[in-house]
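When the chains are written out, they are named A, B, C and D in that same order, and each has its own residue count from 1.
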Amino acid sequence: MRIDLNADVGESFGVYRLGSDTGIMPHITSASVACGFHAGDPGVMRETMALARLNGVAVGVHPGYPDLVGFGRRPMKATVREIEDMVVYQIGAAAATAAAQGIHLQHVKAHGALYTAAAEDRGIADAIARAVAAVDRSLIVFGPPNSQLLRAGDHATLRTAVEAFADRAYDSRGQLVGREQGGAVLHDPSVVAARVVRMVREQVIIAIDGSVLSMRADTICVHGDTPGAADLAAEMRRALIEAGVAVMAVGARG
Amino acid sequence: MRIDLNADVGESFGVYRLGSDTGIMPHITSASVACGFHAGDPGVMRETMALARLNGVAVGVHPGYPDLVGFGRRPMKATVREIEDMVVYQIGAAAATAAAQGIHLQHVKAHGALYTAAAEDRGIADAIARAVAAVDRSLIVFGPPNSQLLRAGDHATLRTAVEAFADRAYDSRGQLVGREQGGAVLHDPSVVAARVVRMVREQVIIAIDGSVLSMRADTICVHGDTPGAADLAAEMRRALIEAGVAVMAVGARG
Amino acid sequence: MRIDLNADVGESFGVYRLGSDTGIMPHITSASVACGFHAGDPGVMRETMALARLNGVAVGVHPGYPDLVGFGRRPMKATVREIEDMVVYQIGAAAATAAAQGIHLQHVKAHGALYTAAAEDRGIADAIARAVAAVDRSLIVFGPPNSQLLRAGDHATLRTAVEAFADRAYDSRGQLVGREQGGAVLHDPSVVAARVVRMVREQVIIAIDGSVLSMRADTICVHGDTPGAADLAAEMRRALIEAGVAVMAVGARG
Amino acid sequence: MRIDLNADVGESFGVYRLGSDTGIMPHITSASVACGFHAGDPGVMRETMALARLNGVAVGVHPGYPDLVGFGRRPMKATVREIEDMVVYQIGAAAATAAAQGIHLQHVKAHGALYTAAAEDRGIADAIARAVAAVDRSLIVFGPPNSQLLRAGDHATLRTAVEAFADRAYDSRGQLVGREQGGAVLHDPSVVAARVVRMVREQVIIAIDGSVLSMRADTICVHGDTPGAADLAAEMRRALIEAGVAVMAVGARG
């Protein structure tokens, strides 16, 4: 049994700091780095990748919509052509920054509104998959369970990874409970850790209504910008290892 | 005898069109593509590289300062670290866009105020050379004769190319005459073509004061955004070939 | 009988030119000036307003989404709070630029995807009306017939103006025919002029299916970025005056 | 005896938080609000002005260079025309945001590299003064002692205010000691407060070499983005009041 722990990092910009990359990096195995469209800038990208390298964390691209003021969280009606182009661009910017640090990229994980759109809209999902396939077929496409994004990745014969969220509640259909609802975000590290251990060992998760869902994940996302994220990640990692689960980057599976 | 003819292309942005890429592309052998910092966007980059590929034109990166409203022509006091990072980023964005078109990049030519700064300031020149060396040592660094940029490229053991300007007057010290001075820009295609032929064949150019300058160039820049640029390029190419000069991309020299 | 002829102007940006403001300005009576979010920059705004002033054209604000690469034409899911804030901001930027030219603003016309959203979504329409009311209650809100935008303006007890499009086809329900459909855009100046004269004199327009629609407009939009826009505007103005219609800015009605 | 205490506020952007506006606002009398070019966005501007209003703090404009990633701290070679235009624009954006909060602006204080450039370069200083004069002659121009900026404000017959820095060391010529030098920034609140009291009461300040400088200030800047800024401001205000100095906004002097 093995699992990857990932976090979104490199979300600072210019003088602005966001998240606690130094705090979370020792506990994760994959890091998705923002590329300057919704967050990040060339210097932040370099610093973040250097930190990932020091911590032995695999690095991925975290492409988003070109919406800095909205942090890429606002849906935008871009064409699939525009989306493919912007993902190609961001993969390239990340790949060169990684190359300059002696790193090869592991994965692509869309950010925010682009991730949500790609989960549901096959056209957008295919645009992302085409971008990945056109630039570097070794990149692993991250996506939520049963999503169009994973289907598009499979269809493009790319390697994919199913991503679950450790600290988010799921409804009985396996969808994330919206953040605006009570109980949508779990804060207790021991609760989260126990959920994650069960998800990995038994491939099930308890939905918000108590029902038991089948949930097989390759990688688990820890939100880096929430208070206590580092402690949460540390506790998850500890509990997983204690339960006999190997915590390792998805790309290291060979 | 051989020479490369290059032009700055892909300088459109969003709905805005600039230059005549379709007009000039059939006549040049190397194209420097803007990367979204001073001009260009992911879609324009893709279209421009596709056009270059159709025309058999070698493609290079044209990195600039992050100043869209000023078109990268305004000097900015960025640190050498910031410059290295932004050049890495732009090379990567261009490389991925090129890869998606089945193209490998040939060269790096800094744009506008960054080109001017790198010509004179060794710290900035070294930053650009470090960026190129870190990402792709096969990229050829373009720079003006006797510039810090070429020295930095040589020092980093990168391949370099000396760039001259066909339609610009030089002073007796071999410096470009400022655009604000009369006679700084030459418009007559036959005059420009004759200058270029002599530059390539005899490695001299006539300065604005009539003195004869030694000028050995590997590549000659044709400004794509001036009216009549396509005609100028066509006439230069015709005259060069008629004079027995092979017109070919600098990277094709083997 | 009187009518206002308006156009979107000041849509250049930095070195990029768009539209033919100098060509169209002599023929219109109101000009909507972009404010730097989807097009325009501080210098372009000043030049455009100076040109409007010379031509005796009333000046309005043309606020849009913060999407330069998409020219404000891509729907974005901004909150009503964000929209109110961005419209306040853009009105202010335009008002100060106008004040520096000795001009007081006449109107507010939302641009592109924001205009479309405000026509249909009362929450967005109210956000715009609140922004106008908070900054300057003398500003006239432009909107399409029967739109939420006009209702919101009325509700906020702002002065409103019904805007029709001279060169666009309407369907039998009074909605604009989408640009992707054949016949959506009319190009023949004499046809357009005749439509406009009839619209103003008889308050009807012929829909694309031949049915006769009631259409009362206070201002008619001439697209400044289409080829032949200046000629179209000149012909419309000539035909209107010949038909005894006073062509004057909507704010000049007293 | 009276003095104004000012701070730069509203320097957050999108999801990014900077400074401690809620901490410092109770202790200052004037607030300079960033306008979206180097920091700030329409929503942050509104929230900041609302907070200033609640605290009875006078509001000013804090215009900067269009350089979000560099926080407006990087010198840019913009033309005086571009600078005048961008200051007009930013004043307007701030004025409308203020109007929507029922506030009239009090002052204009240039930010970062623009402030430094305007202190030394009369052409840039005049551009700022022209912008202020063109939009609202009631605005007070803040500038450092003996600066070109104050001379330009005087020349334009605008009201001006001499600004000193409480927590920065001055050299014997009355210039700020560069931040890169030891002792350039003072951290001990009681030391800073004593300096400020003496500056206001005796119009002198002790330079870094121990010499006594004449220093007459109308307003004293407290840096809002340094740790402990709120405590520093509180201590300064307390010490000033205890010393019989009225702490009040410069525009309230009547």
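By definition in this document, a residue touches a chain if its C-beta (ideal position, glycine included) is under 8 Å from a C-beta of that chain, and two chains touch if they have at least 3 such contacts.
Quick caveat, the model's predicted, so the values are computed rather than measured.
Look at the contact of subunit B with subunit C and you find the same residues on each copy: over half of the numbers used there are shared. Counting C-beta pairs in contact across C-D and across B-D shows that the higher total falls to C-D. Subunit B and subunit D have Cα centroids lying 43 Å from one another. If each chain is reduced to the centroid of its CA atoms, subunit C and subunit D end up 39 Å from each other. Within subunit A, contacts with two or more other chains are made by residues 41, 69-70, 82.
Within the complex, the subunit B residues that touch subunit A are 36, 41-43, 45-46, 81-82, 85-86, 88-97, 99-100, 131, 134-136.
Within the complex, the subunit B residues that touch subunit D are 66-67, 69-70, 74-78, 82, 113. Across the complex, subunit D meets subunit A through its residues 13-18, 41, 68-71.
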